[in-house]
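Multiple structures follow.
What follows is subunit A paired twice: with subunit B in the first complex and subunit C in the second.
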Partner chain A sequence: MQIKFDQVSADYQLGPIRAKNIIDDVSLQIAPATFTAVIGQTGAGKTSLLKLINGILRPTSGSIQVGEFTLDHSANKATLNQVRSRVGMVFQFPENQLFAETVEADIAFGPKNFNFSAEEVDQSVYRSLERVGLDQSLLKRSPFSLSGGQQRRVALAGVLATKPDILVLDEPGAGLDARGKQEIFALIKKLNQQDRVTVLVVTHDMNDVAIYADHVLLLDQGKVITYQETRAFFSDQDQLTEWNLELPDTLHLQRQIEQRTGINFKQTSLTRTELIDQLIEEKLL
Partner chain B sequence: MNKLILGRYFPGNSFLHRIDPRAKLLAALYFIGLLFFVDYFVGFIWMICFTLLVTKISGVSLSIYLKGIKPLIWLILMSVFFRVIFTVGGTIYFSKGPFAISSYGLLLGFFSFNRFILIIIISTALTLTTKPIDLTDAIDALLKPLRLLGISTAEFSLMLSISLRFIPNLLDETQKVLDAQRARGVVFGEGNLLEQMKKIVPLIIPLFSSSLKRAEEMADVLEVRGYQPSKKRSSFRQLSWRFHDTASLLIMGVLTIGVIILNQFPIIEQWLL
Partner chain C sequence: MKQHPILSIKDVSYRYDLRHEDYALSQISLDVKRGEWLTVLGENGSGKSTLARLIVGLAEPEFGTITFNDQTVTQANKSTFWEKVGIVFQNPDNQFIGTTVQDDVAFSLENLNLSYHEMKQRVTNALHQVGMYKLREKDPSQLSGGQKQRVAIAGVLALEPELMIFDEAFIMLDPQSRTRLLKELKLIQKNLGLTIISITHDHNETVFADRLLLLASGQIIDQGDPRTVFTRNRYVQPPFAEQFRRELVQRGISVPDNYMSNDELVEWLCK
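Then we have the complex of A and B:
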């Protein structure tokens, strides 16, 4: 599904404190089946942007088009719920939302809320458990008896079980070890490529951006600084310096090799394979 | 959740904000006690005037205080209602079985209504102008005499300050879990009472689990750092008693004298009954 922001502004409210324009006049179009990395400093509005797509946060002005639904300031509960059934949102540390007595019941919670039939619920529970790489023997266990990494997967499965067309994730790798994080990202990438799910991921790790994302969305103080393809984004060194962004490891290595040898590579390498290919091409290997 | 005013602190620099929390707490408790010694209508006018003055000084608009009363208004009206219909005296306007509406009943109902409202306003004024942490220090200070009896007040005040400290975190967390379950298709505030109660489960259990986890971590950290509340220790925040703190307690004396004098004049009552 396509997502289109049309001059969207939004406030953030926590208790009596109200942050004005945490999203400030954003217009943006995200094509279906793309994998977008949302980056920016703390307080840039990354999470709020994801919440807007899911209808958790309503815009103060402007409107968001999600597939055939329009979300604006006066969107009613029915529309919001319909949007939520199409958009899966994985919050930061999603294992904190587990509550049911068994893993099975927890994963089935979303599909049941969105009125899946009993068969569909069963089916999607098994399918999403398999997707996140957990064994079926866990189904009858209490989610609270699992390890942190497993809990994270169960929570993710709970979101995938609603079969979303759009998946928005807020730092899905936070607090996981390198391997666990890689597995989660690989899983999301697979969903994106095989099921053509539109993905938006908030992340702070430029390596994840380079390896997995095909688009980068840079936010600052609620405004879109840039939205472009990943390779183009990392190719413009001057811009990256101006935005004060770190380079992904492979690209950092490439730039150093270029500096030392004086040879400028033809392409910006985003993955190790790409870097090796170019090294061979330049006869450095 | 965001509407609860009682217990919330509004930063500011009014005279009320600057009074020592011990003085404020004592004065508030004294005021509440004093309310029960007011016998006549004029006395209540006197107390209302004082309360309005306090709200004025606090620098917080009266509408905020009224918002604080709102969630409790039905509870108040109900108890006032029972007070009215079960009290008989003076002119009886209506009666049926044990119930009656009389002039005396109405007057007493009015009195208890006033007491409720004034208690809420004064305690709201206390919490609006005092940081929770200062309030705990004040409670700790006022409980000190109990130590002579061998009761460990330090543990109690540590408990109190920890729980107050984590209220914002809990609110924050509630909002997060609320959002997360909404994203999974829960529509809060819909359906009949039973359905609504069921929807609370996915909200309460994650909060319980994370609170317990945090409590355990907190206990570990306290232990690792060798914290023992029963030991005598110095305090990071020092409370200093100044002249205006004494003065504010003297004002309570003035208020009391006013009540004693006005208790001699049942002016409205004589005219009514």
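Then we have the complex of A and C:
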């Protein structure tokens, strides 16, 4: 599904004093089946942007096109529900999303709510549990009796179980162990490539951006600073410096080597494999 | 004379449910030296947060004892330690009390009998340290995720305890802020002898640690300086430079056989 922002501004309405807009005149077109990393400093508006796509936050002006639906200031409940059944959102502290008495009931809630048949509900619960790397023995446990990382996996499973066309994930790797994080990102990438799910991921980890995303969306104070393809984004060193962004580990290493040796590599390496290939090409290995 | 450890954990076992045999922690023994930075690693569910809860007396060991400055920590006497041990939990939402950011940070100091001036000073400093001074009048519940985490960290900084425990407290910070804060903590540790226990999944944070502790299924499976631990435990994700070195090995390139820091790797590649 495509997502299109048309001059969207949004705010958390709090009394008569209106602060500067949290999302400020954003126009943006996100193509179907793309994988966008949403980055920016604390408070830039990343979470708010995701909430707009899911209809949790309403625009004060402008509109958002999500597939065939339009979200604007006056969008009705039916539209919101339909959008939410297509857009799966995992929150920044997803454990706050958990509510049911058992893990099983928690994961089943979404599919039931969206009128899956009993059989489909069961299937999707087991399948998503497995996908997020949790053992079936946890199904009858209370989600609140799990560790932080286990809770996050349950929240993610609950969202995957609804088979969304768009996935918006707020720091899905945070709090997961290295293996878990890698598995989750590989899974998201697979959904993106095989099932053509449109993915937006908020992350602070530039390595995730470099390895998984095909586009980067940089926000600052509610405005879009840039929306670019990943390699182009990381190739422009002057821009990165100006935006004060940390480099992915691989690229950081490449830049250190370039500086020390005075050689300029042909390509911006986004993965370790790419960097090793270039080191060989430059006869440094 | 050998200095007494600030924290001493002896044969500690703990389970959440006495009806079941699964222990969240079993037979943990550990001394933490004053002024040490201990980083705790382990997969999801390995017992890291449980250990933190026990240290601050939110739960009590079923077996074994925990002593802080030679005094046993129990659920009943945990308030004795509140000004000496500061903790930032995994989820900052569980931690807010005040209605503004600055009240919330000040709240942790309320019982310290500080002068108004000193209290204000500490709150201001802490808010500056985490970059939240500008937002000091805001309601904590209306902050972004990273802002909440900063406020929670400021609360502990302002307290100036002897031991700070961070349970994945930096994950929602942007990388620059995270690195800046870690460096600042390192300075406080070095200059003022602060003791730090940091629980994390971030392999790059381990470079700040004096010692790593590796938990698996509620047991300590290894500990030591980062170099040693990453060399001995191949399945634990090491800092990037070492990951890269291992990938070189896999590609059949002859590389020194030892753990490499970032500087060592760059040096070697540019030789």
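The definition used in the following text is that the second predicted complex is superposed on the first by the 270 of 285 C-alpha atoms of A that agree within 3 Å, B and C clash if a C-alpha of one lies under 4 Å from a C-alpha of the other, contacts with A are read in each partner's own complex, and residues count from 1 in each chain.
Criterion: a contact is a pair of C-beta atoms (placed from the backbone, for glycine too) under 8 Å apart; a residue touches a chain by one contact, two chains touch by 3 or more.
Predicted, not measured: the structure shown is a model, and the values here were computed from it.
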Fit or clash between subunit C and subunit B when superposed on subunit A: clash
Partner chain in contact with A:Ile56 - subunit B first, subunit C second, else both or neither: first
Partner chain in contact with A:Leu28 - subunit B first, subunit C second, else both or neither: neither
Broader residue contact with subunit A after superposition on the shared chain, subunit B or subunit C: C
First, second, both or neither for A:Glu171, with subunit B first and subunit C second: second
First, second, both or neither for A:Arg179, with subunit B first and subunit C second: second
Which superposed partner A:Ala105 touches (first subunit B, second subunit C, both, neither): neither
Partner chain in contact with A:Gly149 - subunit B first, subunit C second, else both or neither: second
First (subunit B), second (subunit C), both or neither touched by A:Ser85: first
Which superposed partner A:Gly158 touches (first subunit B, second subunit C, both, neither): first
Touched partner set for A:Lys77, first subunit B, second subunit C, both or neither: first
Segment of subunit B that clashes with subunit C, given the candidates 111-119, 165-173, 183-191 or 201-209: 165-173
Subunit C-contacting residues of subunit A that also contact subunit B: 14, 96
Subunit A residues touching subunit C - in the complex, by the definition given at the top: 12, 14, 40-43, 46-47, 92-93, 95-96, 145-150, 153, 170-171, 174-181, 204-206, 244, 246, 249-250, 253, 256-257, 260-261, 272-273, 275-276, 279, 284-285
List of subunit C residues in touch with subunit A within their complex: 16, 42-46, 49, 90-93, 131, 135, 142-147, 150, 167-168, 171-179, 201, 203-204, 236-237, 240-241, 243-244, 247-248, 251, 253, 262, 265-266, 269-270
Touching residues on subunit A, where the partner in the complex is subunit B: 13-16, 51, 54, 56, 77, 81, 84-85, 87-89, 91, 94, 96-100, 109-110, 112-114, 144, 158-159, 162
Complex contact set, residues of subunit B against subunit A: 2, 8, 168, 171-173, 175-177, 179-187, 190, 201-203, 205-206, 209-210
